[in-house]
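One chain, subunit A, links the two complexes that follow: it is found with subunit B in the first and with subunit C in the second.
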Partner chain A sequence: MSDNLLEIKDLHIEFRTFDGVVKAINGMSFNVPRGKTIGLVGETGAGKTTTALAVMGLVPSPPGVITSGQILFEGEDVLKMSNLKLRNIRGDKISMIFQNPMTSLNPVYRIGKQMSDVIMMHQNVDRKTAEQRAGDMLEIVGIRRERLNNYPHEFSGGMKQRVCIAMGLSCNPQLLIADEPTTALDVTIQAQILELMKGLKEKYNTSTIFITHALGVVAEIADYVVVAYAGMVIEQGSLKEIFTDPKHPYTKGLFACLPDIDSESSGALKVIPGAMPDPMQLPVGCKFCKRCPEAMKICYMKEPEDIEIAEEHKVRCHLYQMGSKKQ
Partner chain B sequence: MKEKLIEVKSLKKYFKVPSGELHAVDDVSFDIYKGETVGLVGESGCGKSTIGRTILRLIPHTAGEVIYKGENILAYSDEKMRTLRREMQMIFQDPYSSLDSRKTIGQIIAEPLLINKTVPKNQINEVVLDLLSKGGVSRKLYNSYPHELDGGRRQRVGIIRALALNPSFIVCDEPVSSLDVSIQAQILNLLQELQRNMNLTYLFISHDLSVVRHISDRIIVMYLGEIVESCNANELFKNPLHPYTKALLSAVPIAKYNQQRQRIILKGDVPSPINPKPGCRFAPRCWKAKDICFNECPCLKEYSDGHQARCHFVGEADDMPAT
Partner chain C sequence: MIKYICKRVISLLPVLIVVSMLVFLVVHLMPGDPARIIAGEMATEEDVERIRTAYGLDLPLYRQYFNYMRGVLKGDLGTSTRTHRAVSEELAIRFPKTFQLALWATFVAAVLGVGIGILSSSMRYSVLDNVVSFLALLGLATPPFYLGLMCILFFCVNLGWLPISSDVARIALILPVASVSARSLAVIARMTRSSMLEVLGQDYIMMAKAQGFSNRKVVFGCALKNAMTTVITTIGLQFGVLLGGAVVTEKVFGWPGIGDYLVTAIKARDFMVVQSTVLVIALSYVIVNLIVDLLYALINPKIKLS
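== the complex of A and B ==
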């Protein structure tokens, strides 16, 4: 068996709407090694969440259509699985934590019931054992087990997110997809959740896809970084490679436009001009060419391919094509 | 000597809730000088937005004064306040809900001009187009509706609308929080450029400390409705005095490889601001708290030039929590 728990290969997803075809994912490919955390970064519309939903088999259809590609989970294609099989995998082997903890819990059930439902469904145990297990999970994320009897509204935002994490981990999933799990939280609470997730990763050896737009959070938690733009991966590599030696002009731009908390300067920030291309009318060549400070003629005509720049570092940009490695 | 534009004196805002009184803003005083940017930081529920809204009288205050040009504007009649609003504007967080979805961009920006009659009707179009180019929005969008614009452009329209009446003071309530980082940088640059060109004064409310440091001259840190620390922007990052400020700074994730900083993980959540207990409001989460903290509320004291903090133990050793 390969070292990769999950392999996404040349995934294409489009949404066929009345206004036209929205090309959300255009050849997304990356791997998730066992026991590692992938930081999937990108701006709104980069296709981060759609990719995650595809892995879970949750792309709403219609209007969503997966036109081509493979998502191999333990060597088996998720896209070809029956609904029944998918249902058994979801929540058990693959589970997901959503961005907004306020809306991902059901307000009318006690969290003990919600948590034990998941456990009963997948572990074939009775309610009592399941509740017991749910209580254990709550304690792991730092919430007293008596609170199983509370309703979601009785928890603060940070605690609700911890409940979601506990629920996501309750069946010992092999793959955890965390979609912006700390974006809606305050920084001190975010720090708590990140510490918690780091600890759990060591304890359970879970592979994680951590979706976020905050590079600071990625630096904390990820082993590998995947940078997405307009539905494809434009650069990927180990945390060290991407953070110390970014190659793609977009990745460089992302780092440059962050205000530096350690700097006294308040001069103008570097910007990436313009905005993400309209997914209904994607440019022919490189999707970033219109905003790229280093764009060449070829960038407008031909889409670049993945180039391996170093071990564990791939970039999709014409600047590095054909051995013309520009430093 | 710099000229004071706004003086906030002992401002209080309590909300009545079924279980008692919610102390959203409790006895807050600070000055804003002409041409500067004051950053207001804190976590959700600490009262930052309420301060901004109370200063502009978008919500009534409970007690206190806001002195603008020598007069307490909180005592103004509604009519007098309406005239004054030309000089005091607001930029909202969510560019998706702060623009009227049934009006075109041109109509949205023209509306304050029409209402206040500052520009003769036949010149309004010209003024609007001029404003659009100042804010970096293409003239082509004049007849577009907000839903046709992306978040960054919408926020630009929100900014342009706030500028339409030539204000001197603008409350920016989390103006870049809902934007992507590449767009965030564009908007921050625009705000700074406009400040220089139009001599604007900002109260910049945000929870993002790196953004606040970048744009502010002075920073006020809030916790549960109170100011816990205020000083010059760079001083705050070099020499934070209050334990909460230290924890807050240490919690910011940094986008650099292998940057270790000693992190202070605060226990628990922000307590409820409803009927707050006596003593320091941060005490239940503070690693330095002693008996006195739970009984006696520390005052905001000045420790060095313009650096104020509210803590019983400022300057004491043993600065890091035992973990």
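== the complex of A and C ==
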């Protein structure tokens, strides 16, 4: 068995709607090594959440259809698993934390019940043991165990996200998918949650896919960075590689967009002009070509392939193709 | 919780007072001079005047209202001008009949409505869902008395399966309950469906799925209680409506409830009966609403705090 816990290989997902076929994921491929954290970065609509849902086997269908590809979890294809098997994996071996903690908890049940329900289902223990475990998990995320008796509306947003994290980790998952877990929170709470997740990661050695559009957050928490654009990975590598030596014009653009507090110029924030291509009418060549400052003729005609720039650094761009402009 | 109940009950008092005033006023807006009606067609002017004074009908309206309410608070709902029987006695016999019909109809409508609603929401856009939506619309659009008449025509006259009207046998309940509950069933099924669909789209449902709960668990364990908050309200309101609203249907089936009583009284301009019966219907509606509110507080944990 490889040392990758999860391998996503050439995943294609489309949504067949009345208006047409939306090609959300177009050949997404990346690996999650054991015990490492992947920062999956990209703007809205890049297919981050859809990829995550696909890993859980939860792409809403209809209209979602997984047209091709493989998602190997511990060497076994998630896409081919039976419903029952998937259900046993969900919440147990793979768990997911959602973007909006305010709405992720069921408002009519005490959180103790919600947490222990999950533990009871996956660990085959009785209510009392499960409650015990739920209480332990709450304490790990820094909430008093008496709060098990509270309803979700009695918690603040940051606390709710802690509860979600506690729930997500309560069955010792091997893979944690965190879908923008800090986006809905304010900055101080964000820092707390990140700190908490970093601590937990070291403690439990859980592999994590951390989905975000904030590069600052990625720098905090990730070991590897995967940059997604229009449903595919355009650049991936170790945190250091990507942050010190971004290759793809899109990644470079993303970094250029970060406001620099040190610089004297008080000008407007930088942006990457244009918008993500319409997933119903994707361009033939590189999906980024229309916004790319360095676009060449070939970019409009042929889709680039993955090019290994360095060890642990791949980029999908014609600029680095053999024969064209050298690095 | 007890504090909450007390608060709710106290807040009902002004509602009841206003309701009693409105009922009183509306009844007095009915065309016709009550004194003349009581006196009968052959009465002389003097007779009419005598009756007017005897019944206190010559007093200003607010005095009449206070006199009436004083009686009501003592349990005296007045006397029928037609049969000369006490309204409270008559209602004591008839209200349980209506209550029985409304309770059964609500029960049937709630059980079937919620069941169908859940089924239809979990099979969204399927043939079944479309059929249900169509039938629900039909049920909403069909007046219950018309449905009752058609049921009688079909099941009693054409097929001869059921007795047309009699309140002796339990079997006689079937048609009245069916025709009265059809509309409520439609309302409840539609409400359940839309409220389930809304809940099933929530983040915590996706979360529950991501935690590995089976579809059945997600629907019944996670979604249903959330959806029920709105559905309970609807069921309660339907019960309230049925308590007073089966008026015409009761007439169709000859069901000896308050609806039948009320229709007869309206035709005969028996104003005391109309006034008191409407008051009792309004009162039961208010009480049902109170119970619904309390149930709602039981289901929705957010309410207890406020």
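One rule holds in what follows: the second predicted complex is superposed on the first by the 316 of 327 C-alpha atoms of A that agree within 3 Å, B and C clash if a C-alpha of one lies under 4 Å from a C-alpha of the other, contacts with A are read in each partner's own complex, and residues count from 1 in each chain.
Heads up, the rule we're going with is that contacts are C-beta pairs under 8 Å (C-beta built on N, C-alpha and C of every residue); 3 or more make two chains touch, one makes a residue touch a chain.
Worth saying up front: this structure is predicted, and the values here are computed from it rather than measured.
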Clash-or-fit label for the pair subunit B, subunit C on subunit A: fit
Touching partner for A:Leu105 - first (subunit B), second (subunit C), both, neither: second
First (subunit B), second (subunit C), both or neither touched by A:Met280: neither
Subunit B versus subunit C as contact partner of A:Ala310, first or second or both or neither: neither
Contacts of A:Ile89 with subunit B and subunit C, given as first, second, both or neither: second
Subunit B versus subunit C as contact partner of A:Val271, first or second or both or neither: first
Which superposed partner A:Leu215 touches (first subunit B, second subunit C, both, neither): first
First, second, both or neither for A:Cys257, with subunit B first and subunit C second: first
Included angle at subunit A between vectors to subunit C and subunit B, based on C-alpha centres and rounded to the nearest 10 degrees: 70
When both partners are placed on the shared chain, which of subunit B and subunit C touches more of subunit A: B
Distance of closest approach, subunit C and subunit B, by C-alpha atoms in Å: 7
Complex contact set, residues of subunit A against subunit C: 56, 58, 86-92, 95-96, 98, 100, 103-110, 117-118, 121-122, 151, 153, 164, 167
Of all residues in subunit B, those that touch subunit A in their complex: 43-44, 150-153, 180-186, 188-189, 192-193, 207, 209-211, 213-215, 233-234, 237, 247-248, 250-259, 263, 265-266, 269-270
Complex contact set, residues of subunit C against subunit A: 202-204, 206-214, 221-222, 225-226, 229, 299-302
Sites on subunit A touched by subunit B in the complex: 43-44, 156-159, 186-192, 194-195, 213-220, 239-240, 243-244, 253-255, 257-262, 264, 266, 268-273, 275-276
